[in-house]
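Please find one structure pasted underneath; my questions will follow.
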Amino acid sequence: MSARVEKPPAAEVDRPTRLRLYQLMVELRDFEQRAYELFLENLVRGTSHLALGQEAISAGYAVAMRADDYTFCTYRGHGHTLARGASMAAAMAELLGRGNGMLHGKGGSMHLTDVKHGAMGSYAIVGAHLPIAAGAAWSAQVRKSGQVAVCFFGDGTTNIGAFHEALNLAVIWKLPVVFVCENNQYMEYTPIRSVTAVEHPAADRASAYGLEPILVDGNDADVMYETARQTIDTARTGGGPSLVEALTYRHGGHSRADPAKYRPDAEVREWLSRDPVTRYRERLLAAGIGEAEVNEIETRAQQKVDAATEEARKGAPAAVDGIERQVWSDGGAAWRN
Amino acid sequence: MAELSFREAIAAGIAQEMERDPMVYFIGEDVGAAGGVFKATVGLFERFGPDRVRDTPISEQAIIGAAMGAAMTGLRPIAEIMFSDFLATCWDMIANQVAKTRYMTDGQVSIPLVIRTANGGGTRFGAQHSQSLENWAMAVPGLKVVAPSTPADAKGLLAAAIRDPDPVIFFEQKSLYGVKGEVPDGEHVERLGEAKVRRDGNDCTIVALAAMVPKAMQAAEQLAADGIQATVVDVRSLVPLDTQTILREVVKTGRLFTVEENPRLCGWGAELASIVADECFDDLDGPIVRITTPHVPLPAADVLEDAAMPSVERIRQTVRSSMR
Amino acid sequence: MSARVEKPPAAEVDRPTRLRLYQLMVELRDFEQRAYELFLENLVRGTSHLALGQEAISAGYAVAMRADDYTFCTYRGHGHTLARGASMAAAMAELLGRGNGMLHGKGGSMHLTDVKHGAMGSYAIVGAHLPIAAGAAWSAQVRKSGQVAVCFFGDGTTNIGAFHEALNLAVIWKLPVVFVCENNQYMEYTPIRSVTAVEHPAADRASAYGLEPILVDGNDADVMYETARQTIDTARTGGGPSLVEALTYRHGGHSRADPAKYRPDAEVREWLSRDPVTRYRERLLAAGIGEAEVNEIETRAQQKVDAATEEARKGAPAAVDGIERQVWSDGGAAWRN
Amino acid sequence: MAELSFREAIAAGIAQEMERDPMVYFIGEDVGAAGGVFKATVGLFERFGPDRVRDTPISEQAIIGAAMGAAMTGLRPIAEIMFSDFLATCWDMIANQVAKTRYMTDGQVSIPLVIRTANGGGTRFGAQHSQSLENWAMAVPGLKVVAPSTPADAKGLLAAAIRDPDPVIFFEQKSLYGVKGEVPDGEHVERLGEAKVRRDGNDCTIVALAAMVPKAMQAAEQLAADGIQATVVDVRSLVPLDTQTILREVVKTGRLFTVEENPRLCGWGAELASIVADECFDDLDGPIVRITTPHVPLPAADVLEDAAMPSVERIRQTVRSSMR
């Protein structure tokens, strides 16, 4: 009783979309790698959770989304936030705890948010953002705005109560929300299969909410883009929620503190050979896109990351007077007169 | 002025705001056709329809999460958590998500959300359905906390909470639902963060909240017969807290008593005592005394529950013996 | 994608077991009816939630359980607690808030507990006792005691997070626990189908935990007994948990305050015609058990309830010095020196 | 005496008790082969095996529920909630079930359960991973609440918590995990409910908890240079609370300062202030002053976090200006 991975989409993804997908993946890859280097330089103040290896999912969905759609993601959310168009410099500065950070240092790596671009927040307590995403979809539904909420989370998240409550509510209210489980095989250090009653933590549970199982190759940007298109379209046209399980792998440890020694070498090698970025590069070349064009995308991405890093590093430390700001909508923090 | 029960005043407050603002939505368990298990929202479903007054599954995390997501994106939701005890089942959503998201994003989002919940004891429901949990909410930065004691305030403060741009936890004391009182006709909106002096006296200040206010008032009347004139302050709003009114009365009388329905430890009265012991130290003529439920889960049987919660008699005795 | 109600068991339930099942059902029925009368007399102090109409489930399981097995139930738990052998007088006295109550007035109707008889508690917050029951089963497993935990809950409970977490944990740890969903079609006043993504709130979700769907007629004591035997046996012999959905109906309102006006007349009539007690009486007679014997069971049950009521009414009000007792294992309530 | 880090002392305390009592089991997320994400339980899995040291899914309600059910039926479980912030995701299990079941059944069950959790800030984890939540637990009748400040106490108080027949919430301050200190060799068990005077002075009493104790100590040394001799009391256990020791020191010095890592409202210091303002009123020579994190969610960036939490400098300045 186990869902099956779906075949790559029949229809070819068009060329501009493919270039856009590649560009985004490369940018996210380079950003995460730079974040890692800055951490080694001891410049990243707090923790950070990189999504190296999972870029096809964020890119595939972001490209398929409308500018006013909503993204909800986790502490592993740099990619999802940037993919929506958020400033790379502001994101990098936030990691460094600078005043020019996206949240002026108040959120940190785990809470990147850029509402102007539909990036509605990175949530650091497992499962919490699933009901919140359902709520944004409810709001879109009653406002008849045509917006869709897309909610990303990990395999480990499927075992917490909020997952169950959110899925059921979304289905009975037929909400325009897409739940995307990025199954990277691990929680922090524990393999998901050792603590889950079914093989596919999301897909094998779809039927418990009257949904079709959707199990896809999360390391294939074309597959992710097509899956995104279809599930977002279903949501936007009143067809209600979807639950997608995208199979993937994180190249590094869970967080900056984790060398990821618990993973068998062969498993790591196998997944590295399915790196979504190099795979997609090959596919572009095979599809007749010239190496020069591909190289240029890569160069531009590096430049973008370099510029962002430079700007971030120029920022002053976060301003201390921010501590007592923005608890309330009046801008302040007063709890008494 | 019309005479309404506390529960009718709640429904009237919601209706007033749903009428005024089409972005106000109301969700919860059995709040639709059933009108709520405390019948505090009767008539709303008929008047505003199943889209704006919506039944949910028994999924408290989804209720609060959905309300938060909606509040972030243009609605002004009211979410009902049937008994305040069940706040515990969605406490992450309230304390970690609703309360903190505005701050963490340095103001990128507002969360104009009201969480209404039936609070407190006196109804023999036992330890899992009778807690007074306003201090749980007060302890969390980012939540406003309101608890009315009269039908007029039930309507006026609820309307204010709905209009407030920030999350408000609105505690409705179960033992007050049947209480009747005058409620102003027409639009009625109070302001959050204002305590009210319900009785004026020069000998001591009794500060109380919600169902403890009428008890404090009765005790004050009896104390007058003992020759002790007590000021009674109704806190109404714990966050924001009207310290100016309270400190003024304490300075005037030189004595502070709190009457709290919550079990003792870390109740709102503790916070108040600590503020007064810092800022009015030189104006105090005697110890600060807190009258609370003992620090135990609330027992179910009527005799036990009545003996555990602060009573008029206990308030009177405590004040009298302490003022001697 | 919906589970099917299973047929009544092939094997006939033996005669002594049947008499025992009938006796228990009649006792539980009479107890609840008396509780209702005492409520009308204004003697029941707090709220109360009667299980009138749901007796076949509590009786079926209780008869199949070993004396040291564990029962976990809800605020609608008079029947489950009494069925394990708890004192009827003590239960009744607890409803009346008397000092001779099962919990000396400290718990009330919603929290009946009799640990000596394996009745490990009635829990009043929806869903909470599912993980707790799993924990008792975990304890039995590691202590190798052979005990089984049986956990009863309503249809509405299947939509709360704790349900999901408990089921997953029980399966991955292969715990000796049986989860029994009493699907009486309603939450408090809301029909379960209006807020649930699947038709059978428990059975249609079994596969999300790798379990077989088990959907049975909860108004048939033979079916319930056989289901109990099988699922308990599975648990006891290391086969892990089961999730049972028993279809039933409560004859009255949700709680004492509820006249249950929200239910269509025809639906109520239909279900009353499937009353588990009268149905079983007919089956006993049809199976050749004499009317006299059946009558005697009924008379004894009435006498038992009468005696219990009398004893309960004789009790003094709960003693006030109990308020500051038994917070801690030293018997006291001190939080300071 | 051996020198151990705080995290090693935690592991040593658990090992000592698992060795002694075969009914002690330990569960949590990533506690098995990984040894815990704070490496505070390294070696237990290897020593006691996967049956007694067990990984769970990310299911906090199931973790606490399972531990409670097991504790009711013969085991003595230790359950880890990785960050205290996540207590909110299982708060119903803790506050409504674990805390109340013994009382509601009038003593029919005991729940010998320890919930260990990493608490507090200073590690730049941001608002959802840095809260000091000991007051949440303190506010719930039926929970014991412990928070050690030294490696020796980490071991000794944890052992005591495991042996205690009642539920104990055991807060391990994240910022202390790396701190080293002497830990007695051999079996080491402290008693719950005893505060410790860490420094003796006659001018004022500073009461602190967990990571605030070393800060209070440093501030006290600096205050001595200013001519102010402070007593420093390490509370260690909030429930049961050693009021005798604290009141004695306040009576001796006439002044009380609390140093609390929690955001201001309803912190443990508020409760303490209210006790002192009642019972030592005549012995006080000046206001009771609380030094806390402001009532805001904790910001993430290093400079902000450091400025928000009580610092040695702020403690010193506050005491000095208040003692003038």
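Remarks
Here the chain labels run A, B, C and D in written order, and each chain numbers its own residues starting at 1.
The working rule: a contact is a pair of C-beta atoms (placed from the backbone, for glycine too) under 8 Å apart; a residue touches a chain by one contact, two chains touch by 3 or more.
In this text the structure is predicted, and so the values were computed from the model without any measurement.
Set against the Cα centre of chain B, the chain with the most distant centre is A. For the pair chain A and chain B, the distance between mean C-alpha positions equals 40 Å.
Separating the CA-averaged centres of chain A and chain C is a span of 45 Å. With centres defined as mean CA coordinates, chain D is found 30 Å away from chain B.
In chain B, the positions touching at least two other chains are 56-57, 59-61, 85-86, 88-89, 92, 96, 103-104, 126-128, 141-142, 239, 264-265, 295-297, 299-300. Across the assembly, chain A contributes residues 103, 106-107, 111, 123, 125, 159-162, 165, 168, 172, 194-196, 322, 327, 333, 335 that each touch 2 or more other chains. Because contacts link each chain to all the remaining chains, their graph is best described as complete.
For chain A in complex with chain B, the residues that touch the partner chain are 70, 72, 103-104, 106-107, 111, 113-115, 120-121, 123, 125, 128-140, 142-143, 147, 149, 161-162, 165-166, 168-169, 172, 322, 325-331, 333-337. Interface residues of chain A facing chain D in the complex, by the touch rule stated above, are 45-47, 97-98, 101, 103, 105-111, 123-127, 156-157, 159-162, 187-190, 194-196, 257, 262, 317-318, 320, 322-324, 327, 333, 335.
Put simply, chain B touches chain A in their complex at residues 25, 51, 56-57, 59-62, 64-75, 77, 92-93, 96-97, 101-110, 112, 141-142, 165-166, 193, 239-244, 275.
Of all residues in chain B, those touching chain D in their complex are 85-86, 88-89, 91-92, 94-96, 99-100, 103-104, 126-128, 135-136, 138-139, 141-142, 239, 262-271, 273-274, 276-279, 281, 284, 286-290, 295-297, 299-300. Against chain A, in their complex, chain C makes its touches with residues 1, 159-165, 167-168, 171-172, 194-198, 204-205, 207-211.
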